[in-house]
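Each of the next two complexes has chain A plus one more chain, namely chain B in the first and chain C in the second.
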Partner chain A sequence: MDLSRIGYFVRRFSLDPSLIIVIVLLVVVVTAGFLLSDRFGTMRNFMNVLEQASGLGYASIGQALVVIVGGIDLSIGSVVTASTVLMAAVVNVHPALMIPMIFGTLFFGVVIGFVNGYVTIKTGVHPLIVTLGTASILNGTVLIYTLQPTGSVPYWFEEFSYGRIGNVPISGIVMLICFLLVWVFLRYFQAGRALYAVGGNPEAAHLSGIRSNRVILFAYSASGFFAALAGAYFVSRTGVGDPRVGDPITLASITPVILGGLILGGGKGNILGVCLGVILISLLSNLLNYMNVSTFIQWVIQGLIIIVAVSVYVHKGKKL
Partner chain B sequence: MIKLERISKGFPGVKSLDDVDFEASAGEIHALLGENGAGKSTLIKTIAGVYIADNGVIYFDGKKCRWSSPKQAKDSGIHVIYQELMLFPELSIAENIFVGSAPLTRLGTINYRLMYERADEILNKLGHKLDPKSLIKDLSIADQQMVEIAKSLVGDVKLLVLDEPTAVISGRESEILFDRMKILRNEGICIIYISHRLEEIFSIADRVTVLKDGKFVGCHKVKELSHDLLVGMMVGRELSDIFPKKKFPSFEAAPVLTVRNLLALPKVKDVSFDLYAGEILGLAGLVGAGRSEVAHAVFGSTTRSDGAVTLGGVPLDVPSPRESIDQGLGFLTEDRKGEGLMMLLDASVNITAPMLSEFTTIIGLDRSREKQAAEDEIRRYRIAVPYPGFDVNKLSGGNQQKILFGRWTRACRRVLILDEPTRGVDVGAKVEIYEIIRKLADEGLGILVISSDLPEIVGLCTRVLVMREGQITGEVNGTDINEELIMKYATAAKKAPSVSVT
Partner chain C sequence: MFTKITKIMFGAAIALTPALAIAEGYDGLPRTFLWNPNFNEVIDTSEYAGEGPFTIGFSNASQGDGWLGTFYHSIQYGVSQNLNKIGKFIVTDANGDPTKQISDIQDLLEQEIDLLLVNPATADALDPILGRTMRRGVPVVTVARRVDSDSSFVSFVTASDTALARMSATWMAESLNGEGRIVLLPGLAGASPAEMRLQAAKEVFAQFPDIQIIDTQYTGWSPANGRQIMAAIIQREGANNIDGVWADSGLQGSGSVEAFIGAGVTGVDIPPHTGGDLNGMYQLAQEHGFPFAGIDYTPSIGAAAVNLAVDVLEGTPVPQRLDVNFQVVISKGDETRSISADVPLLDYVAMDQPSELIMGSGIPNYDPTNFSVKLPN
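Up next, the complex of A and B:
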């Protein structure tokens, strides 16, 4: 199909152009999956992928909000880790506190995010540095407390990750609902619009009467919240608090954000692209697992996809 | 020295240069004159090899040339000094002068001793006393310009182009700059000098070429020209056609905006004034006089150290932009891209940004009503944007500016502050913007216009305040308003001028 035809469809169905690349990649991966593996193209497998994707999904939502507002959050992985350990360790001693601790953990995430935002605003230090510092502090603290996976949670909490409604995994449903809510928030609410305005041009936003600092604080707090939610998901999956579980999450959370067409630097992007990015990454690693490709080669492939995707975005941006 | 024949250069949607002839010879200062958008910048960028002409021929030093990069033009002896100086603020003068061509020792390292010596020689040749070891960031803009000129003297410069150098420096510094330019001219260098300040043209240039709307208007010896003749060539029509007819407001009602003893250091030192409903009040002065800073301090986007502001009779104490906007104050900032538009977002979003609460319902934003409002503004100001969801970064300067007018006239009920409202827009859009401003004043807004474009201040305002070094040094009324008087107040009785680097 030539490019002008694609352009026609984009306008005809008022599709967001920034979603094209991730959709094209999704089609490629799914087609390849059907051709290369008999186990890939089953409803059962797709549901499993959805279930496994949600941890990354929550983390990416938070990352996306911070990126839209012009920042970056490198503490997401460490908040995930700290949340799992906090939750599992407390509930291990007081099993009755399971439900309060769900909220407690989410609140913990919000507090860490708030602190990230506050320090960024007050000191003017680049968020890359602030959140890296936070990450180091949290990781260190957790490892002082325990080097091994620790604690436990009641069995029923496992439903949050493994539970199914009919055939559909609860965790996947929650993730999709989160994406949908954030999409509605960004598109249909004044505060959501403010995120784009501040990310695109903080000075102009300020002079337009937008209270930029509150917007930035909100974005980082939300990021902390979603990181803690991802933490809760991992506790539910493994039943323990793992001082290493979050390590790969920080960088992993950036990948779908980039694939989804958000601009690092802020001010532009569609959260649905991030959702598709999460699904793309999860499907890809699922397919590569079926093909017995080693994890290390998977990393190489992911890296290539990121660079190719971003080059295409940049090229498109210049043409426009 | 250089000769351009029938040069044309177009960009999507505009023809920037249309069949332009231009010629300048060695040992002359040749002024290039024209309004914003006349094609001056395009012409010098074509000379400098930044743009490649669509049509036409360039002869340089007797040879037919076709540069495909700025470097080629530079290597053949053309040096352009743009308004934004290309200097490294953290490096020394000498390092800047010899960037990329530093003298080396036998080991291949930079020979600093020799570099400082030669930098000193070049500065002496210019008659300008500066320590080659001082850092660029510690110099005034005027001295930084000298470093740029010194840079050109490292190579074998034959043609030196200066793009509105006096727009950013004070009167006395301009005199010094002119002296240096004359030294270079007498050495046989051809200097092309861009400005729209007529007095300067008469005091320094040998010949002048006038461009208008991308077309060649004429080339004359300055001695053979009068002031009025030159204005006529530049504008192409009578001044009265450009500006709407002035109307005096009623000064009987209480002023809509009062400012008393406003203090916002370091730039604003004790400023007081009144603005009446329906009035177009000018705020003139040199760049760096503190005009924009007054606007920011009134609007609340910088904190004021002292002073009282009332808007519509109500005190406006230490506000934030949000509160000022809610009280009916609007501020169209000078830097359209840096402080005005959210360049990544679309026209509609940019128009409604300060007044989103207008479209907020319990279930979120009413996007169709928001779009409708944006469409209203687009139609009202005849903004050339295909649809409200169109990205603003693809619009021309004039249309971007009209988007901001749409934004602020919607948001603003009492007073609108306009900082350089027509900077970087073409003449046609200028006329439209002047009409918009007049109409807004007629509808009862008080309007404060900050502008460095003196003809604009003179043509538009019924009263003008002049600022110098953070204070108001004069007020000119009605028929007394003219460029000479304003310049007198703007530069008068001045000790050693200091120009900040910002």
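Up next, the complex of A and C:
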């Protein structure tokens, strides 16, 4: 099927063009999985992947919101790390505080995100620099506190990451609900559409009465919230606060955003594409494990997919 | 669940046999087994006994340095020695990320492995998933690093970080007649082997009140970091004011020696050093003649772990903790009151081999650049 036919279907069924690339890649990966492994295509495995994708999913929602308003958040991994250590360290001493600490940790994430947004607005410094600085401060603070995984959480909290309703993972359900709520917010709420307006043309948004600063503060605060939620997921999964758990998350959270068709620079993109990007990355990792492919080759393949996806999107996107 | 049987020394001796096959120098039972003040526990694995060929999943933490590369070769060597028993061997690599390793293990379980062999990225974070693996009826054998809960694995295969560190630290303190200014160069901050060795070494140095630790710097087990860090310490303290360097591995220890050489200190004027593993460290000690004690954290634990995994799947009793022998290598004339050499430095060093070679692989004629063995799949 050539691109003009795809374009026809896109228009006919009002499909967002930015989703095409990631959908095509998903079809390729799933088809390859069915052909290459007899155990890949089971419902149990797909539920497994949904469970594994959740942490990356939460982090990517936050990154996507910041990218939509024209920013970037390089502190996500550090907020994830700090959240895990904060939660596990406090709960280890006061187990009765488990439930309050879930909310406390999410609030901590919001505060860090708010500070990122506030400093970005007030200083005019590029968010890449501001959030990198925040990341460094958080990482250093955590490592001063502990060099090794620390703390613990009650056994029942494992259910957030490992628990199932029927055969569906709880963390996966929460992730899909988060994506759905954010999609509804961005598409059907004025405040949500304001994020696109600010990211697309901040001056025009300002002139049309949108309080850009509030929108930017909201996006960064939400990013902190979702990073802390990812932190809670990782505490649930590992049972400890790990001072290095967030290290790979920052860059990993950008990959689904790019694959999902969100434009770095802001103003465009569909959050559902990010959701599909998260699932694509997780399925790919799962399939390559099934194929007994070395991690190093996995990196190469992931990198190639990102480059191919972005190249195709940039060059063909206008024709769709 | 498995049953723990204590005081079955005979069973333990049988299960320890694979470790003996790879020993050089000292070839008795592991000293940590003999000197353990508690009883050594042996696990009844009859509930896991099955008909081969078996499918074994290996979740590796990382191949991030020379030691880990050789360790992985040792694992492959162990599998190649059991081709008649292992029908499928599936490998994942988490690149040091414990959360990826959890997902890797879930993917291995979905492929219906008979046993999970795992080198955990961290001691704590893998505990929940390994506990779940055991409760699912899949036996777990941990190698190199363990997790906290005894119920999360059947057996742990190691070369004993604490024994290695205590012996090398004791040698250092006694070499200096109990007094002097020393530098500690541990491995990677936060990695359990590095932290355990550092803690055990400090326990020893605390017994010698006139030993002064003037600096402790993590090196990430990198020769380049070892050299850079020690060069800075020499610049600050002066080479003559450093009486000894305790490194938990020759990986960074060799860098430290090179820093002294770079500062114009050569031959026997280089202060006493510790640190095994890297052939280059042994070569430097032999070439310059400074007092030296090297103890490898032998990567042959990989092959020993594969052998033990097969034992588990055949229902043979195994020790809950298998300590693989290490060799104490000491330069000529530098034995101390408590620490004697198992092998003299001259007999152990491989002067005709590359300096990058990791010692103690247990693989005959081992050459990491051309290593290749037949694997099941």
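Here is the rule we use: the second predicted complex is superposed on the first by the 316 of 320 C-alpha atoms of A that agree within 3 Å, B and C clash if a C-alpha of one lies under 4 Å from a C-alpha of the other, contacts with A are read in each partner's own complex, and residues count from 1 in each chain.
Operating definition for what follows: contacts are C-beta pairs under 8 Å (C-beta built on N, C-alpha and C of every residue); 3 or more make two chains touch, one makes a residue touch a chain.
Not measured: the values here are computed from a predicted model.
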{"item": "Simultaneous placement of chain C and chain B on chain A, clash or fit", "value": "fit"}
{"item": "Touching partner for A:Asn48 - first (chain B), second (chain C), both, neither", "value": "second"}
{"item": "First, second, both or neither for A:Arg211, with chain B first and chain C second", "value": "first"}
{"item": "Chain B versus chain C as contact partner of A:Glu203, first or second or both or neither", "value": "first"}
{"item": "Superposition-derived angle with apex at the Cα centre of chain A and sides reaching chain B and chain C, degrees in steps of 10", "value": "130"}
{"item": "More chain A residues in contact - chain B or chain C", "value": "C"}
{"item": "Touching partner for A:Ile263 - first (chain B), second (chain C), both, neither", "value": "first"}
{"item": "Chain B versus chain C as contact partner of A:Phe189, first or second or both or neither", "value": "first"}
{"item": "Which of chain B and chain C A:Gly124 touches, first, second, both or neither", "value": "neither"}
{"item": "Which of chain B and chain C A:Val240 touches, first, second, both or neither", "value": "second"}
{"item": "Partner chain(s) touched by A:Pro248 [first = chain B, second = chain C, both, neither]", "value": "second"}
{"item": "Nearest-approach distance, in Å, of chain C Cα atoms to those of chain B in the combined model", "value": "37"}
{"item": "Contacting residues of chain B [partner chain A, same complex]", "value": "299, 301, 320-322, 324-326, 331, 333, 338-345, 349, 353-354, 356-357, 360, 363-365, 367, 391, 394, 407, 411"}
{"item": "Chain B contact footprint on chain A (complex, rising order)", "value": "184, 187-190, 193-194, 196-197, 200-201, 203-211, 263, 267-268, 320"}
{"item": "Complex contact set, residues of chain C against chain A", "value": "90-95, 97-100, 102-104, 106-108, 110-112, 122-129, 132, 189-190, 192, 195, 377"}
{"item": "Complex contact set, residues of chain A against chain C", "value": "39, 42, 44-45, 48, 51-52, 55, 143, 147-149, 158, 162, 234, 237-240, 242-245, 247-248, 285-286, 289-290, 292, 294-296"}
